Amino acid sequence: MLHILFLFSLLFSAARGSVQDFCVADLTAPEGPAGYSCKKPAKVTVNDFVYSLSAAGNTSNIIKAAVTPAFAAQFPGLNGLGISMARLDLAPGGVVPMHTHPGATELLLVVQGTITTAFIDSASSVYLKTLKKGDIMVYPQGLLHFQVNAGGIPAIAFVSFSSSNPGLQILDFALFANSLPTPLVEKTTFLDEAQVKKLKAVLGGSG
Amino acid sequence: MLHILFLFSLLFSAARGSVQDFCVADLTAPEGPAGYSCKKPAKVTVNDFVYSLSAAGNTSNIIKAAVTPAFAAQFPGLNGLGISMARLDLAPGGVVPMHTHPGATELLLVVQGTITTAFIDSASSVYLKTLKKGDIMVYPQGLLHFQVNAGGIPAIAFVSFSSSNPGLQILDFALFANSLPTPLVEKTTFLDEAQVKKLKAVLGGSG
Amino acid sequence: MLHILFLFSLLFSAARGSVQDFCVADLTAPEGPAGYSCKKPAKVTVNDFVYSLSAAGNTSNIIKAAVTPAFAAQFPGLNGLGISMARLDLAPGGVVPMHTHPGATELLLVVQGTITTAFIDSASSVYLKTLKKGDIMVYPQGLLHFQVNAGGIPAIAFVSFSSSNPGLQILDFALFANSLPTPLVEKTTFLDEAQVKKLKAVLGGSG
Amino acid sequence: MLHILFLFSLLFSAARGSVQDFCVADLTAPEGPAGYSCKKPAKVTVNDFVYSLSAAGNTSNIIKAAVTPAFAAQFPGLNGLGISMARLDLAPGGVVPMHTHPGATELLLVVQGTITTAFIDSASSVYLKTLKKGDIMVYPQGLLHFQVNAGGIPAIAFVSFSSSNPGLQILDFALFANSLPTPLVEKTTFLDEAQVKKLKAVLGGSG
Amino acid sequence: MLHILFLFSLLFSAARGSVQDFCVADLTAPEGPAGYSCKKPAKVTVNDFVYSLSAAGNTSNIIKAAVTPAFAAQFPGLNGLGISMARLDLAPGGVVPMHTHPGATELLLVVQGTITTAFIDSASSVYLKTLKKGDIMVYPQGLLHFQVNAGGIPAIAFVSFSSSNPGLQILDFALFANSLPTPLVEKTTFLDEAQVKKLKAVLGGSG
Amino acid sequence: MLHILFLFSLLFSAARGSVQDFCVADLTAPEGPAGYSCKKPAKVTVNDFVYSLSAAGNTSNIIKAAVTPAFAAQFPGLNGLGISMARLDLAPGGVVPMHTHPGATELLLVVQGTITTAFIDSASSVYLKTLKKGDIMVYPQGLLHFQVNAGGIPAIAFVSFSSSNPGLQILDFALFANSLPTPLVEKTTFLDEAQVKKLKAVLGGSG
């Protein structure tokens, strides 16, 4: 019986060998709208599906915060699977400034400390909450949101995304960390010229 | 032959009567993640599929601009079909301020005048261009962008979206036209307190 | 502060540099079911996102009409973004003959003149309307439709599609501009042999 | 152990009871763009997932053919699952005339007899083949195609679709079985007036 | 200026009021293939978007493990957003037995302890790893996988899913906790009759 | 007129030549999450869209059954079109053992003999039925199911899938035909060690 059933195993193998259960990113091959090209199955190992977010990000910066992404570009096993993750470290007083993810909904989990956070919808309503350890909060796709450490100890959160390539547009960088001319920034944001020039200076923008 | 072929027509009708080629929104029935419930096919007429954007929006306002939407809520025939439209009117000096569409890519067509416009990507690169009549420009989903009248005459554009419900988040309204506390706005945008309070006053915000 | 915040900017750059906000088509690289391969981000400029449909199509032909497409193959910036456009020019008496778009819903905007148009659904119901400047009409995916100039002056319309690759199957070309044998055309369309042969001759078909 | 493990079973049941593995259509409740509302899980039985296509369609008609659909409207268990089926019966000389499925790709399987079939793509290329028992052929979404009995015995085929609601637009019915005015049919199809009037008469159309 | 800009705000409100940025589940209204019906926007509060997974599941059971779901049925704010979460508690010796999620990819994050885990692909290859705090692992959609506490202390993990309704099929419950006749289980799993009867008894199955 | 209309044909050809109605798999080029790269349209022929499942699979094996797949890897014309097929041959006493398709819903059609079949949902409910010729049954995506010949003659069925790459995970192969250590199999399935070792031996597994 062993022999015959084993033959049966071979019989099925044509179907099984051709199956694409996953598409681990080959970052050196062409990328398309649906994601990166797939690594050859024979070269895939368990390590393609494992990544570490154990290291705290460096919060020795002006915002006292760090975002460590595990998107498809960092964690190729996620490619095309519609999910990804990032780690947020917020020292006391830390802030992840106002931003959006153009391509994904975000689900945040607090694992240490307390975090005050909000998103704002198309009707300009604010959904504001202070979260504690074990709380989760969802930010619907593409809407502005932020996170602020609400306590005296470092806060840590892990955020999941509904895409392996969620994108990240930080408002201040979008407005001030490039060469978009100051008069256009003023005109399209109603900010004062002095304010625009001040933040352009801080963030390395020009114009 | 007439008779027999006509019978054949009836034969096929079981299949044809049950087909859902479209789902005109019944705005009074439940709405789900994929859109509104469908109006009964027997009540659908050609007028459900036609809408008018012939009227200029009223640009007698501080931004000298108007956006007239034809999304599923205004134009029920679009429901579930993955497309919608809006009309932009920009008087001389007019501006459609910095905004995003959380749920759609936008494709703009200039039909009168000239428009200076840009979008900014996740890497803070600016894609800036002055468009003239007949030019089209695409703004990838969820990214910040704006439009400014670049000439001395009224400009008109029509924008199409890759969703029947694209959303519209105007940056200034999201930041200043609600009760998000000023200290949180400051902390998450790096704007000065005076700047925040000034714009909250203008846009009817509090806090 | 400038220095430290600028460092923070670099900190985020790993995440931001890997983000795929768009996938401008590289027409020389492999194409997949979701669209063309992406051009390297470093080579993308604003001109990849801008295209011109300002030129009138040549209507000096038997149908007195022209269709100028701006699909992903002509306008690579659209690749994978789920939207595209085309310009219709209809001289007096002009007609865009009966056709379908196999892969997209169409949304038409009249910008000059008047256009009589209809689509037909799976139950053979006709949705017929004469549109004037500023009117928009939606044609659900895959259904037969046409446009006819309804006035004495040239008509112009711009049509948007819910795909960057909508397809275009013109009924007469599908039936008569190829080598599908006349007896098969007759048998599957109920058209008379003479009619089939006449149109095959006109449209360059054989068989 | 039995007792404790059984408790564990209850523990999991909160998660399991809330899961939507399927959404059997409740044809009396609201329908949306993604399909019909779901029947309550407690009322679902195996018979919701089983349907019979064992009965031959009635081919005593002018086309000597019959199409028996098993779409979501006939077979509610398919609702939302992205697949459906139909049975084709073709008596000798029978034909399923030129048609499209606006919302699905079709995969045909011949189980009896021989069938000559073709589809035509957007470039007007014809993909023509005579299929025998056990052959399968795929017709990409939205493209014109037909089936003709190529032998002296009844042919039977089963066609699968990539949607539970594929749609069915039969060319002759779309053109001639309604009130679309004859001059518009002529103008948009290049068919002669006599041809149009003849087929309108046969198919019960007017105008 | 305040007055005029405020008017502008009202001008935009037609567009903004109709936008569906989210669709918080109304669990009492009809459910469709894309998810639950939406709660009226006016009744939505921030609490619809927040949920707590702070409580440890009860691991006083034979598997010394607990799964606490936060799917759309428990956490209505997730409805239609393509993401959800669950908490895993594994006491020393605990195991989440072999299972699949028919509708989602899973991304696991270890926040305490060590976990030995594997998934098996269509080619029967095993991807086995022992994860420690801060490690993440992805399990592609629909494949068999399990988690086992690999240390002497309680382990905690949070798993995210690429759907708000991922499903959960636990192998032993599927095989043994129902009335599927023992001979059919034997025949389709190659398990011995005694083994099947033993596990049916433990899990409350019959037949 | 012939001449002019023919010119018109050329006019349209720019649009038509660039259209991607299908994407026949080029199995030698990169594969991505959405499927294989496309063969150049100029090299595509009707034979890319036709495949034969006329040959009975070899049922001279322990399960007296055979599965012959026509997925994208065997039948390249299906690539990206969201549908595929397989042939099941079940000799008397034959069984297709418990399995899942991680990426697709299955629709089974019996064309000869009788088949007893069931699927099991997330709540462990069993949907069991004996099907006869002409019956169809749908198995929602990712759920465990099996087929057993219920009569004294060979049974034949054709199964369609809602993906061109449905996957196939056979339970016994996943559990026993690899090197997953016996203690882990025991612990995660509650099977007895002897049972696990027996089936590992039969199926060629180790550990």
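Read from first to last, the chains carry the letters A, B, C, D, E and F; within each, the first residue is number 1.
As a convention for this text, contacts are C-beta pairs under 8 Å (C-beta built on N, C-alpha and C of every residue); 3 or more make two chains touch, one makes a residue touch a chain.
A quick note: this is a predicted structure, and the numbers were derived from the prediction, not measured.
The minimum number of touch steps linking chain A to chain D comes to 2.
When the contact pairs of D-F are matched by residue number across A-E, B-E or B-D, over half of them reappear in A-E. Rounded to a multiple of 5, the Cα-based rotation taking chain B onto chain E is 120 degrees. Although chain C and chain D carry the same sequence, what matters here is overlap: shared residue numbers make up over half of all numbers found at their interface.
Centre-to-centre spacing of chain A and chain B amounts to 26 Å, using the average Cα coordinate of each chain.
Taking each chain's centre as the average of its CA atoms, chain D and chain E sit 35 Å apart. Chain centres here are Cα means. That of chain B falls 21 Å from that of chain C.
Residues of chain D in contact with at least two other chains: 16, 19, 21, 30, 32-34, 81, 102-103, 118, 121-122, 124, 128, 140-143, 167-168, 170, 173, 177, 202. Contact topology of the protein chains: irregular, matching none of line, ring, star or complete.
For chain E in complex with chain A, the residues that touch the partner chain are 13, 16-17, 19, 21-22, 41, 45-47, 49-55, 70, 75, 77-78, 81-85, 105-107, 109, 111, 118-119, 121-124, 127-129, 131-143, 158, 160-162.
Taken together, the chain C residues at the contact with chain F in this complex read 30-34, 57-58, 61-63, 66-67, 69, 71-74, 86, 102-103, 165-168, 170, 173, 177, 201-204. Within the complex, the chain D residues that touch chain E are 1-2, 4-9, 11-12, 14-16, 18-21, 23, 26, 29-30, 32-38, 79-81. Touching chain D in their complex are the following residues of chain C: 95, 97-98, 100-103, 116, 118, 120-122, 124-126, 128, 140-144, 146, 148, 167-175, 177-180, 184, 187-192, 195, 198-199, 202.
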